[in-house]
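Below you'll find the structures, each written out as C-alpha cells.
Below, chain A partners chain B and then partners chain C, in two separate complexes.
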Partner chain A sequence: MRPDLLGIDMKKSQMQLGETMAILLVFMVLVGLGFAFYMRVSKASFEKDLKAQEAELSIQKLQTITHLPELACSSEGVITDNCIDVYKASASAGPEGFFTKNRIYYQKILGYSSITLYQMSPSEGSPQVLYESKKGSNYNVVFLPVILHDPVENSDYYGLLEIATYTK
Partner chain B sequence: MKKSQMEIMGLTIIVVILAFVMLFVVSFVMKPSEDTKTDKIQAKLASSVMSTLLKTTAVDCKKFTLGELVKDCREGMGSYISSWDEKDISDGTIDRDNKGNIECSPGKNSCSYALREINSILNSTLSERINVNYNFLILSQGNGCEATKNPTNVIFHTGPGCPATKQHECQPWPTSIETLQIGLDICSKI
Partner chain C sequence: MKKGDVTIQFNWILVLIAGAVILVFFAGVIRFASKSSEDKTNLVVLNALGSISSSIKSGQNLDKPIESIPEAEIKYECVAPSCSCSLGIGGRALDLDPTLIVFAPSRMETPTLLAKSLSWESPFWVANFLYITSTSIRYVFVYDGSSLELKELIMENLPSRLKKEEIDVADAEKFKGKNDKGVKVVFIGVEPADDFASALKSMSDEDVNAVKISGNDRSGSVSYYQKKEDSWEPANEGVQYIGLPSLIGSIFIDESGSEETSNFECVERKSFETLKYVDNAHIARAGKIRDIYDSGSSCSGIYIRSLESLGGLYSAVKDPYKTGMDVMVQGIMQSSESLRAENEEALLYSCALIY
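Moving on, here comes the complex of A and B:
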C-alpha cells in the first residue's frame, strides 16, 4: 500500500475515533447528570417514605395499645374499640405502673416509644405516662382520640393518646 | 451494509435510552405521594375524633352523651332552625336562645351545653394539642355526606377553617324530625 494513502487513512480513522470519544464523553456526562438527579430525588423520596412508614407504624402501635387487655375497656369479655379504662390506665401509669415494672416484656410489643394519655373532658387532667422507652432524640408523634371509660361512674370522657416512636 | 448496521445500532441505543427515561417518569407518576400517606393519618384522626366526641358523657348534664344532646337540640328547635358559630358561644347568644328540651342547668339547655362542650373539646385537642386546622359542621336537611362539602342549612359551625387539602369525615345523625349531617374536615396548618 502507498504510504501517503496510508497516512490519509490513519488521519480519517483518528478523526472518527475522536468523534466517538467526544460522543461517549457527552453521553457519560449526561448519564452522570441524570444519575445525580435521580439520586437526589430518590433520597428525598426515601426520607419522606420513611417518615410516613414511621407514622403508620405509630398508628399500628396505638391500635395495639387500645386493644391490650391491660388497658382496654371490656364488658363480659368483649373489648370496646378505641376505649381505655381509666382505672386500668392509672394502674399502668408512672414508675410504679406495670408497664414500667415489666418493661422488657412490653418492649417486644411497643418498641422504643413513649405513650402518654391526656384527659381532655370534662376538664383537662394531668398527662399520664403509660410507657416510656427512649432511644436517641429523633421521634415521630401521632395522636389518637380515645374514650376514657370510668366503670364506677359509668361515664365516658374524651381522651387523647399520644405516641412518640423513636427512630434512631 | 456496515453503515446501515451502525444506524440500526444507533437507533437501538436511542430507543433503550428513551425506554429508561419513560420508566423513570412512570415510576414517579405512579408512586403514591407523601400527601396520600399523610391523608391516611388525618383520615384516621378525623374518624376517631368524630366517633369519640359523640360518645362523650356530658357529666354536668344528667350523664347524657354529647350525641344525645345534639339530637335533643335539633328536636327542641322544631320547625325553626337556628344557626350558630363559635362567636355565638363566646358572646352568650347561644345561651340566650336557650334551645333544646333537656335542661342541663338553669338557663342552659342541650344546645348550649352540647355545642359549647364540642367547641371546647375540638379547640383544646385539635388546635392546641395536635396542632391541626379543622372545620366542624352540623347541618340540617343535609342530603348525605356530600352536603357537608358544600354546606347549606348550617346549625352549628366551628373551627379555624380548612382552605387547603383536607380530610373529610361525615356522620349521619338521626333525630325524630330529620337526619342531621355532622361533618369534620381536618387539614395541616399552613
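Moving on, here comes the complex of A and C:
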C-alpha cells in the first residue's frame, strides 16, 4: 500500500473520530448546563417549600398542644377549644413537671420545641416554661391567645401561648 | 487487517458508547419520573392525613373520604415488641401524627380511602381513634337476635360511605360473593360460619378475613380469622377490648400481615400507653387542687379519693407493653367507674371537677 494514501485515510478517520467526540462533548455540556440550571431552580423552589412547611409545622404543633388532654380544659369530658387548665399547666411546667419527667414520650409528640405560657390578665404573671427541648439556634415562633381556666375559682383569664419550633 | 476496517470498528465502538450514554440518561429520567409519581402519592395521602389530623384536633368528629389518590397499595403494620405501627406506600413509611391511634387494614387499595374518628374517654378524654379503610373492601356484618342491639350501635358509628351489608346468621346460605377486591366478615355475638368462607372460595385467602366480637359496647374480646379455602382458620387467640371506640377499631384492623404481632393488640396497648401519660397529668393536677382545699372539707375528701382511683388507673397501665390485657382492662374499668362517681360527687358539692 502507498504510504501517502495510507496517510490520507488516517486523517479522514481521525477527523471522523474527532467529529464524533466533539458531538458527544457538546451534547454532554448541554445536558450538564441544563441539569445545573434545573437543580438551581429546584433548590430555590425547595427552600421556599421548606420554609412554608416549617411555618405549617409550627401551626400544627400549636394545634397539637392546645388539644392535648394533658393541658386542655375539660368539663365532664367535654373539651373547650383554645383553653388551658391552670392546674394542668402548673403541673406540667418546670423541671419537676410531667413533660420534663416523661421527656422521651413527649419528645415524640412535641418534638424539638419550647412552649411558654404567659398570663396576661388580670395581671401579668411570670412566664411558665411548660416544655423545652432545644436543637440548634434556628427556630420559628408562633403565638396564640388562650383562655386560662381556674377550675377551683371557676374563673377565666387571658393568656398567651408561645411556641418556638426548632428547624434544621 | 486494513486501516479502513479498524476505522469502522472504532466508529461502531463510539456509536455503542454514545448509545449507552443516551440510554442511561433516559433510564435516569424514567426512574426520576417513577419516583416523582410515588412521591406524589405519598404527598396526596400525607396532605389528606394532615388535614384529617387538624380537623380532629379542632374537635370535629371526622367522617370523610380521601379521594383521587394515585394508584397504590397502602400498607399498615405494627411491629413487636415496641408495637410501633406505620402506614406505608411503596415500602416508605408515612409520618403519622403521634397523638392519633390508628386502626387500619394491613392492605388498602386506592383511589378512595375512608377516614373516621371517635374520641376515647376512660373516663376522661384520652385520645382520638382514627379509622382508615378503603372503599374497595366489602364489610359483612353477621348477627343474630341476641346481638341486634350491638349491631345497630356498631352500624351507627361506621364511616358513612363504607361498603357494608348486614345479614342474619340464619340467612347465611343466601350469602354470595360479589367479585370484591377484599371482604371482611364481622361476626357479632355469633360463631364464624363456614358458609361465608365457602361462598368466597374463589377469592384469594389473603383477601378475605373475619373478626368475631364477643361482648358489649363496654368490654369484651375479639378473635380474628383468616379464610383457608372454604373455612375459617383462627389467626389469634382473642384480644380484650374496652369501650366502643376500640370495638369499632377491631373491625377495621386485621391480623393478615404478621404472624408474630397482633396488630389489634398493639394498637390497644398503644392507646393504654397514652392513657398512662394522660392519667399521670390528671394525678399531678388533682394533687395541686387537693392542696388548695382545706383538709377535712368535702372537696378535699373527694380529691383524696380521686387520687386513689387515678393511682389505681395508673397502676393498671404503667407497663402497657408487658402487663396482660385482661389485667389492664379490668383495672381500667374499675378505676373509671370510681372516677365517674367521684366526678359526680365533685359536681354535687361544687368542687372543681376531676375531669
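In this text, the second predicted complex is superposed on the first by the 121 of 168 C-alpha atoms of A that agree within 3 Å, B and C clash if a C-alpha of one lies under 4 Å from a C-alpha of the other, contacts with A are read in each partner's own complex, and residues count from 1 in each chain.
The rule is short, and it goes like this: a contact is a pair of C-beta atoms (placed from the backbone, for glycine too) under 8 Å apart; a residue touches a chain by one contact, two chains touch by 3 or more.
All values derive from a computational prediction rather than experimental measurement.
Once the two complexes are overlaid on the shared chain, A:88 sits against chain C while remaining clear of chain B. Contacts of A:70 after superposition on the shared chain: chain C is touched, whereas chain B is not. Within the superposed three-chain model, A:15 lies out of touch with both chain B and chain C [touch as defined at top].
Of the two partner chains placed by superposition, A:25 touches none, neither chain B nor chain C. In the superposition on chain A, contact of A:33 is made with neither chain B nor chain C. Measured by the number of chain A residues touched, the leading partner among chain B and chain C is C.
Shared-chain residue A:50: touches no atom of chain B or chain C. 154 are the residues of chain A that lie in the contact sets of both chain B and chain C, per the superposition on chain A.
Note for the complex: chain B touches chain A at residues 24, 28, 31, 34, 37-38, 40-41, 44-45, 48-49, 51-53, 55-57, 59-60, 63, 65, 117, 120-121, 124-125, 129-130.
Residues 3-4, 7, 10-11, 14-15, 17-18, 21, 25, 50, 53-54, 57-59, 97-99, 121, 123-127, 273, 277-278, 280-281, 284-285, 287-289, 292-293, 343, 347, 352-353, 355 of chain C touch chain A in their complex. Contacts from chain A toward chain B in the complex involve residues 38, 41, 45, 48-49, 51-52, 55-56, 59, 82, 118, 120-122, 124, 142-147, 154-160. By the touch rule above, chain A contacts chain C in their complex via residues 6, 9-10, 12-13, 16-17, 20-21, 24, 28, 31, 60, 63-64, 66-72, 74-77, 79, 81, 85, 87-88, 90-92, 97-98, 102, 105-106, 108-109, 151-152, 154.
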